[in-house]
Amino acid sequence: MTAGPDRPDATAGLAALRRTLPADTERAAHAYAIEDLEPRIAFAPDDRAEVAVLLRTAAEHALTVVPQASRTALALGAPLEAYDVALDLRGLHRTMEYVPDDLTVTVEAGKPLRDLQQELAEHGQYLSVDPPPDDQVSVGGLLATARGGAWRGHLPSARDLVLGIEVAQPSGALVKSGGRVVKNVTGYDLHRLHTGALGAFGVILDATFKVAPLPVATRTLAAAATSISEAASVARRAWDASLSTRAITILAPEPAGHVGLPSAPTVLVELAGSEAAVDRSTRDLAAFASWSDGPAQGWAYLRRLHGDQAGTVLRIGAPPSSIATMLEAARAAGALAWGHLAAGCVIAYADGMEAHAITALRQAAERARGYLQVEAAPVPIRRQVAPGGPGDPALVAALRDQFDPSRILNRGRWPEEGRP
Amino acid sequence: MATGSPGTLVRDLQGALGAAHVLHLPEDLIVYEYDATIERALPDVVVFPATTAEVAACVRIALDHDVPVVPRGSGTGLSGGAVPVRGGVLVVLTRMNRILEVDATDRVAVVQPGVINLALQEAAAPLGLTYAPDPSSQRVCTIGGNIANNSGGPHTLAHGSTVNHVLALEVVLPDARVVRLGSRVPDAPGVDLRGLLVGSEGTLGIVTEATLRLVRQQPAVRTLLAIFESVEDASNAVSETIRRGVIPVAMEMLDQEIIRIVEPRIRAGYPMDAGAALLIEVEGVAEGVALDAAVVEAACHAAGAREVRSAEEASERERLWEGRKAAIGAIGAAAPAFYLLDGVVPRTKLPEVMAQVMELSRAAGFRCANVFHAGDGNLHPNIMFDPAEPRATERVLELGEAIMRVCVDAGGAITGEHGVGLEKRSYMEWVFTPADLAAQHAVRDAFGSTDRFNPCKVLPGGHGCASGHMKEISPHLVEGAYV
Amino acid sequence: MTLQFVGPDIPSAEDLANCIHCGFCLPSCPTYVATGQELESPRGRLHLISGIREGRIAATPRALEHLDLCLQCRACETACPSAVPYGRIMEDARASIMANPAAAQPRGWSLRAFALRHVLAHPARLRLALAAGRLYSRSGAQSLVRGHLGRLLPARLRRLESATPALTDAPFRSTGVLASPAQRRERVGMLLGCIHGELYPRMHEATVTALAHVDAEVVAPPEQVCCGALHTHAGDAETARALARRNIAAFEAAEVDAVIVNAAGCGAAMKEYGRLLRHDPNWRGRAERFASKVRDALEYVAGQDFGHDLGAVDRTVTLQDACHLAHAQRIREAPRAILGAIPGVAFTEMRHPDRCCGSAGIYSVVQAEMSAQVLETKMDAIAATGAGTVCTANPGCTLQIESGARRHEVAADVRHVIEVLAESIAAGRAPVGD
């Protein structure tokens, strides 16, 4: 199925795009289907000026554009309402500047995180993020979705690490904000506005990040508990001990079983730092629970499940005091559930879940002063249950009126009342 | 610029807040014409709201009278951000100074904007927690001001600026609407307007409540003082430390000039003959701290340190920090006036940029003292001068501009933590293209704040604003003023 | 008639220019802490003074009220990184208002100056006023009022009454040689002050004991007069200068090595006699020489070998730093060193020991409401220590904290540090086994 009824000027718009963009950047549109929508046309430019031209031309002809690279978070946000042009950004994959001694790197948006991490690792550094589903995630996608994993709360997230970006706006303008220095309050932080905005205000072309030294040693430890609340209290003690932790995750029995541990409520801890700090932390942990070497691949499993686009994935924001309760609630709703204590979130995975069950979980989360974000679910469910949460729709609409007045970018991702 | 009679404006505000909380006589207004810069401008009226509803009422009344609204905390800003350049209603938030909640379980504090930064740290400390951003003015600056300026401090290196510690905000928008942005739990879904508001210098709204992230105090902390023959050696020690894989929580540089000013007054224990000193702090689990300290020490020696001292006792550490925190003020006693800059450059450019800063100062004939966040590449040159000398102020401003140019040319930016405010609006054009600036103006338009909410701040241009160039401000400089 | 700054004491542009408006003084200022208003802050007051000086604003009663609300505790000077001489600027500003023709002066200010000039500067009149008070205390009326009867008094009167000290001891009016120890090391002169010996004779007695203990011959020149500190603070610079000249002459004649003052406010003022008389070519040099000899009693004793032959004193003690000792004279260690050396004393610091108690000379009378507000915070800090004794270094502080202790029902004995030392000296002399 193709998006929306054919409009009189669509043909003219497609022709204009073909005229303005080099022929070798056009791709077969069918390869870019998202859910039940197939774009009319697809381009994979390898130059930021081409991206700008594409956006301006599309805006002139009211063609909707969906930027993408690794296609790892297509089910995030409300379902697309229109999809004329696929904008494949994988051609933008250069590292523009990397100064290891400055701990900063500037990379183009289409670069997969994996490639970036490899380059950084050569200098003993890394970008301290672990987004779902894995390091296939493109740099642009990392920012546009702002998703984190088990490290969130222990290490700064993408939101905290982005120092500046350049975006292409539907007007065709290329706009920078921030810079390449690690501390900067020059002007509005537009890069924070774009982070997590699901492309609502522009297409991210490149970003500068603050990177960190790779830890010399890492160690994963697991401790089983008799109940989720006991597991939560062990996790809590581990957190309060201020150790060299990079992750403290509470697993319900089901996911524990999936990562090769006994099917019991489990605390999974990752230590990272110098050998001495990891050893000391291991000793300190032993003071209040019995730990065994945990499955290091368990983290990758959890990330993959969190990033699964075929199932139903919920991210339930819950203050640390409510993690256990929300974990139980998610489990009761039939989900595989685990909670990242310091991040204040429970991830619930299910093959499917009814809208009313999701709504009930959301209400419970909000009572605990948290929130619920639908990170993946079938289209009909995402039409019934708003994926987002708090925010101010009027301000968001006013900002979009400035940056994307005809709503050509990712139309539908952020539903607006009173707008088609 | 104001329409309608000022009399009715005052009356309406008095009606909303009570006469005791509205100032409008010249002898009252005069002490609200400044912040910690040279900028001066009188408000038409000063109000002291006590609640969010009262803030909204003030904004609503100002809107009805079509006069500017400017928020103010303790007035310690270093960019003229709280100076009401076009008059209007100055909203002073010092009465909203309650810490509403400190929750050790969720590691969250909820505060009103007038809470003093240090007061929050003191409230969190007994629970083993701390609020990480620690600007040098933390004894007096307010959380609201910190949020407006996205304030940093020595510990930004490891903990990040204010924006990394703000979870949620309650904001009165320019149209007097009250909104809540973000959530008590990080990474709220939806567009991150919280991140946009932080650092917007009061141009997009007035923060009336903030939910902040607290962090656990680390089990071990060590402060090191490394003494060098030159700023260049000290700068190299910074890069060398990071190259060896250790990121301290703070790396602060003091050059010879500042050591000679601070030490006799504060007696922090800095050697008077040092060419430069680095104040370095590492924290974490005890074993990690010992190891990191050893790495730092080795890196400093490799870069040519003459001596590295180490302090673990709280009192010793405090003494070392005392000199750093009082440094800027001590310059006030050493020179009739000084001009404090806030440039930021990539850390590896520090040696060459510092050499240029010193060369430019020498050529211009001014003493320049440097105390800054070396780990972040955040420079604070202080140009000392006597405004009584002919053209001194003008020449100082020229020098300041030349130094900012050096920072920008080195790939840096015009402010690392003090904010753009009034002073640096025109420098924005050095860093951003017209398209970049148009996007920032678009944000302002979206918030409906253009020309009315803290007008003439952050962005160049604006209706009724001077071009904002320091040179054009200079004729208005008060004699002996600190810039 | 509009007021402006006139006369020889107009605050200097250089002094004012030192202020960089950083605001670091704000949290140190008791009135800013109490009000949260820039107008009641040191930075704000300096700006008001600049504004008046430059003619940008008129010295309206409202503007002057803000200057008047200043305690002159000078805590801001300690907090100030730029070394702004705030106390001096405020004194100059007040003097420059009081240099206006009498008719133009703010009524409250001239009344106050009149009272100070005609009472404090004249011992006989002062004693007459105090005699009535003494009668009140000794007759037993005071204890009645402080008992059940007091509840019948209206709040304001009760507060005023509670601020009145108990005048039960015989006043200290001795002059001449007060102590001549066998091993005379130095000859020191002692300031008796205008009201001090009347209210707290025991402090003078203790001071003489302590000075003798460190082998100082103590003399009190009979010609000495009030130090003039309160006059300076109130802007009556001329009376202050007249008093200073008399004191300088009196102590010069006594040929002393040091001038010992056991009231921090008086000592701070006398250390600044040189500046006070800077416009007077005949007296400037003499004033500077005199000022260089002035020592606070605690400063002097702590600098000598005082630790010998001390007996145990069983007291739990906290210390209220006298503002004019800690901030004006920058002496913080001496009282702590002395208390620390006394056997048996258990010492606990209170929160913000160097924050003003609200006494501030005559402030507690003329700005009663603000003073009470400041005192309340202080009494909370004192109560939190659980100390049985509050040590001070100034009679004004003693008076104020005694009144606070009565009003807030804090069971604390208020003593000058030197009194506790004298107790210890006495205990050291007592025969063993007594």
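Here the chain labels run A, B and C in written order, and each chain numbers its own residues starting at 1.
The criterion applied here is as follows: a residue touches a chain if its C-beta (ideal position, glycine included) is under 8 Å from a C-beta of that chain, and two chains touch if they have at least 3 such contacts.
Remember, predicted model here, so these are calculated numbers, not experimental data.
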{"item": "Chain-chain pair with the highest tally of contacting C-beta pairs", "value": "A-B"}
{"item": "Farthest-lying chain, centroid of Cα atoms versus that of chain C", "value": "A"}
{"item": "Distance from chain B to chain A - Cα centre to Cα centre, in angstrom", "value": "31"}
{"item": "Computed distance of Cα centres, chain C from chain A, in Å", "value": "66"}
{"item": "CA centroid of chain B to CA centroid of chain C, Å", "value": "39"}
{"item": "Interface residues, chain B side, partner chain C - complex", "value": "23, 25-28, 30-32, 34-37, 48, 74-76, 92, 94-95, 97, 114, 116, 118, 137, 139-141, 265, 326-333, 336-338, 479-482"}
{"item": "Chain A-facing residues of chain B, complex", "value": "103, 105-108, 128, 149-150, 152, 156, 160-161, 163-164, 173, 177, 179-193, 195-196, 198-200, 216-219, 239, 242-243, 245-247, 284-288, 290-292, 344-348, 373, 376-378, 411-420, 424, 428, 431-433, 435-440, 442-443, 445-448, 458-459"}
{"item": "Chain B-facing residues of chain C, complex", "value": "13-14, 16-24, 26-27, 36-39, 41, 43-44, 47-48, 51, 56-58, 60, 62-63, 80-84"}
{"item": "Complex interface listing, chain A residues touching chain B", "value": "99-104, 124, 146, 148, 152-153, 156-157, 159-160, 169, 173-177, 179-190, 192-193, 195-197, 200, 212-214, 216, 239-240, 242-244, 273-274, 276-277, 279-281, 284, 315, 317-321, 343-345, 369-371, 373, 387-392, 394-396, 398-399, 401-403, 414"}
